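Encoded as structure tokens, the structure appears first; notes follow it.
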Amino acid sequence: MDKIDRYTVGKNNLERIDAMAGQDVINSLDGNYEDVGKYIIEFAFGDIYDRTGLTLQQREMITITSLLSQGDTEAQLRVHINGSLNVGLSEEEIIETFIQCIPYVGFPKVLNAIFVAKDIFEKNK
Amino acid sequence: MDKIDRYTVGKNNLERIDAMAGQDVINSLDGNYEDVGKYIIEFAFGDIYDRTGLTLQQREMITITSLLSQGDTEAQLRVHINGSLNVGLSEEEIIETFIQCIPYVGFPKVLNAIFVAKDIFEKNK
Amino acid sequence: MDKIDRYTVGKNNLERIDAMAGQDVINSLDGNYEDVGKYIIEFAFGDIYDRTGLTLQQREMITITSLLSQGDTEAQLRVHINGSLNVGLSEEEIIETFIQCIPYVGFPKVLNAIFVAKDIFEKNK
Amino acid sequence: MDKIDRYTVGKNNLERIDAMAGQDVINSLDGNYEDVGKYIIEFAFGDIYDRTGLTLQQREMITITSLLSQGDTEAQLRVHINGSLNVGLSEEEIIETFIQCIPYVGFPKVLNAIFVAKDIFEKNK
Amino acid sequence: MDKIDRYTVGKNNLERIDAMAGQDVINSLDGNYEDVGKYIIEFAFGDIYDRTGLTLQQREMITITSLLSQGDTEAQLRVHINGSLNVGLSEEEIIETFIQCIPYVGFPKVLNAIFVAKDIFEKNK
Amino acid sequence: MDKIDRYTVGKNNLERIDAMAGQDVINSLDGNYEDVGKYIIEFAFGDIYDRTGLTLQQREMITITSLLSQGDTEAQLRVHINGSLNVGLSEEEIIETFIQCIPYVGFPKVLNAIFVAKDIFEKNK
């Protein structure tokens, strides 16, 4: 029963936060890969995103910061910059989040993230 | 004049956010190293932390996330976990920030940050 | 029911693989940190380590390679070098695993891991 | 004589393990770049891959784990996922290797590797 | 006045070092992103590149080494490999710089940088 | 014969560049670990450091930049900051090298390297 719960809870959170972009990732994880999608739903969105103590806006702000800071995460930044907008962060807050990282990771990683955001924001217009 | 402004603004922000722990870093950067301390004050704390658009609590949450995610930043996490408390984040919010990173960077980097936080929180009691 | 299962399964795997060193990590995650220990047990050791398709020796070989390659994981290497010995990898296989990484990550990360292993092996004598 | 040996040994290992994909990398390293190809052959494939103590399957499993864990290695993952198949790892074992890394590096790096593998496996059909 | 100075100094250094490739980055940082361009000019090129103690050739050699070593910096390597040529480093010195990194970061990161350089050098012919 | 050559060449370069600090690393790699020391001598110091095209000062400047930029390399920075002094870089040039990295990797990694250098310089007085 718990398994159904975690999966259902995670699926709902995924839809609410990452919407179509998140669902596309899960859909691409079919056949031999479907357990990976299941873990993303159950663990990341069922266990972690469902916790109390931080708002979804705070959680997405943390997520895009973590993705920017580790590098090589363009695909994931695309999903979670959209997710950040979905939960109510403004374009300005997203850019400001990236600017706050400059002293800690330097310009290259921040520029990489900004150009992903810029591309998303322009397509949304 | 601008130079005085940026330095003074940064110094005030540094004192307000990182307090003694931040000042200790600057003090250790004397002699041949003092330009590095100047850049931290002018650029990180004068230019970036002084921007509008995010609260200081949000900025510190972003900073500790960025430090956790890149790894090898124990000394800086010590300064900014204290800074997070100084600007009003609770111990629970700091731990919750670290937990939100688990799906994105895995357990080792999160455990490293949690053990630094735990050590700080226990000393503060 | 599933929750009990995943936790129990994970706890058994943790004991079998990481033994005391793993239990020490979980024990240190008490109070506000205990959910992190729960996720390590349920997700890492209940979900992932319990999968079929690879032996525990292969899983530990992958784990120590991943820890070496990301860096800043001395504490986790200590647990999983011991774990590697527990599941039947020899000291020679562990060192050989690290040597295989030299062309891919360079000497510094490999030396860091080797000195952790050397320290463990000498204490075990 | 040793130089001929190391180069010949390495060339044979490269052909056996990475086949055409590896040879393509070496071929692209012509002119001013040919010493880099020489070092890959002599050191990576002549010295390291030729060691005893681990099977070639184990060595490739370690290699793709190291590539996944450091990130920004799509081109090298392409060569060594093919290499893993060449030395006898199954598609399932390769995916399982990547899944084992989730608790240690998080989902983004694992997803990046899985999508490279998925693309290779589909082209091989 | 200092602000004008730092910006003007930085702009001059940017033009001298990175020429069109650097200006393209700044131009792409318009609207909500222009503060990032301002910080690159004022801090990176106004404060840091304008320091004494190292030649511009040494500074670019350090920059491309730092970009190669952190990974996921193809766009920035493009700018600074061109910048390295602009300040007088030869193609051979750039490749030699990358080769020197092999023992410290391994082959994958070095190959990534070499293929960016090779592409630039071939277009310059 | 080549093997003797590469080892002898590497050993001479190691002694000339890293002196006692480098020899200590090799000495600690005894018994099961001695092949790692052999590869450091033959490949890093026999093949790479012995190349033409860059001065030893340039090679050490590249090395300490690469170590700083990847992080978690305190032990290796100790060896190569000493090596940098041995081949004729001044304390000021070493610090200046680290300062040049600030825009590319941020303050934390640079501060880590500076505090290692500061410790070495103070002990040398």
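Which chain is which? They are A, B, C, D, E and F, in the order written, and residues in each are numbered from 1.
Rule of thumb we're sticking to: a contact is a pair of C-beta atoms (placed from the backbone, for glycine too) under 8 Å apart; a residue touches a chain by one contact, two chains touch by 3 or more.
Predicted model, so just to flag it, every value in this text is computed and none were measured.
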Looking only at residue numbers at the chain B/chain E interface, is the share used by both copies over half or under half? Answer same or different. same
From the centre of chain C, which other chain's Cα mean sits the farthest off? E
Express in whole angstrom the distance between the two chain centres, defined as the mean CA positions of chain A and chain C. 28
Between the Cα centroids of chain A and chain B the separation in whole angstrom comes to 24
Cα centroid separation between chain D and chain E, in whole Å? 30
Residues of chain A touching at least two other chains: 35, 39-40, 43-44, 51, 67, 70-72, 76, 92, 99, 101-105, 107-108
Spell out the part of chain E that touches chain B in their complex, as residue ranges. 1-3, 6, 35, 39, 43, 47, 51
Note: in the complex, chain C contacts chain D through residues 40, 43-44, 48, 51, 53-54, 58-59, 61-63, 65-70, 76, 92-93, 96-97, 99-105
Residue positions on chain F within touch of chain A in the complex are 101-108
Can you name the residues of chain B that touch chain C in the complex? 71-72, 91-92, 95, 99, 102, 107-112, 114-115, 118
Touch list for chain C against partner chain B, complex: 25, 28-29, 32-33, 35-36, 39-40, 44, 67, 70-73, 75-76
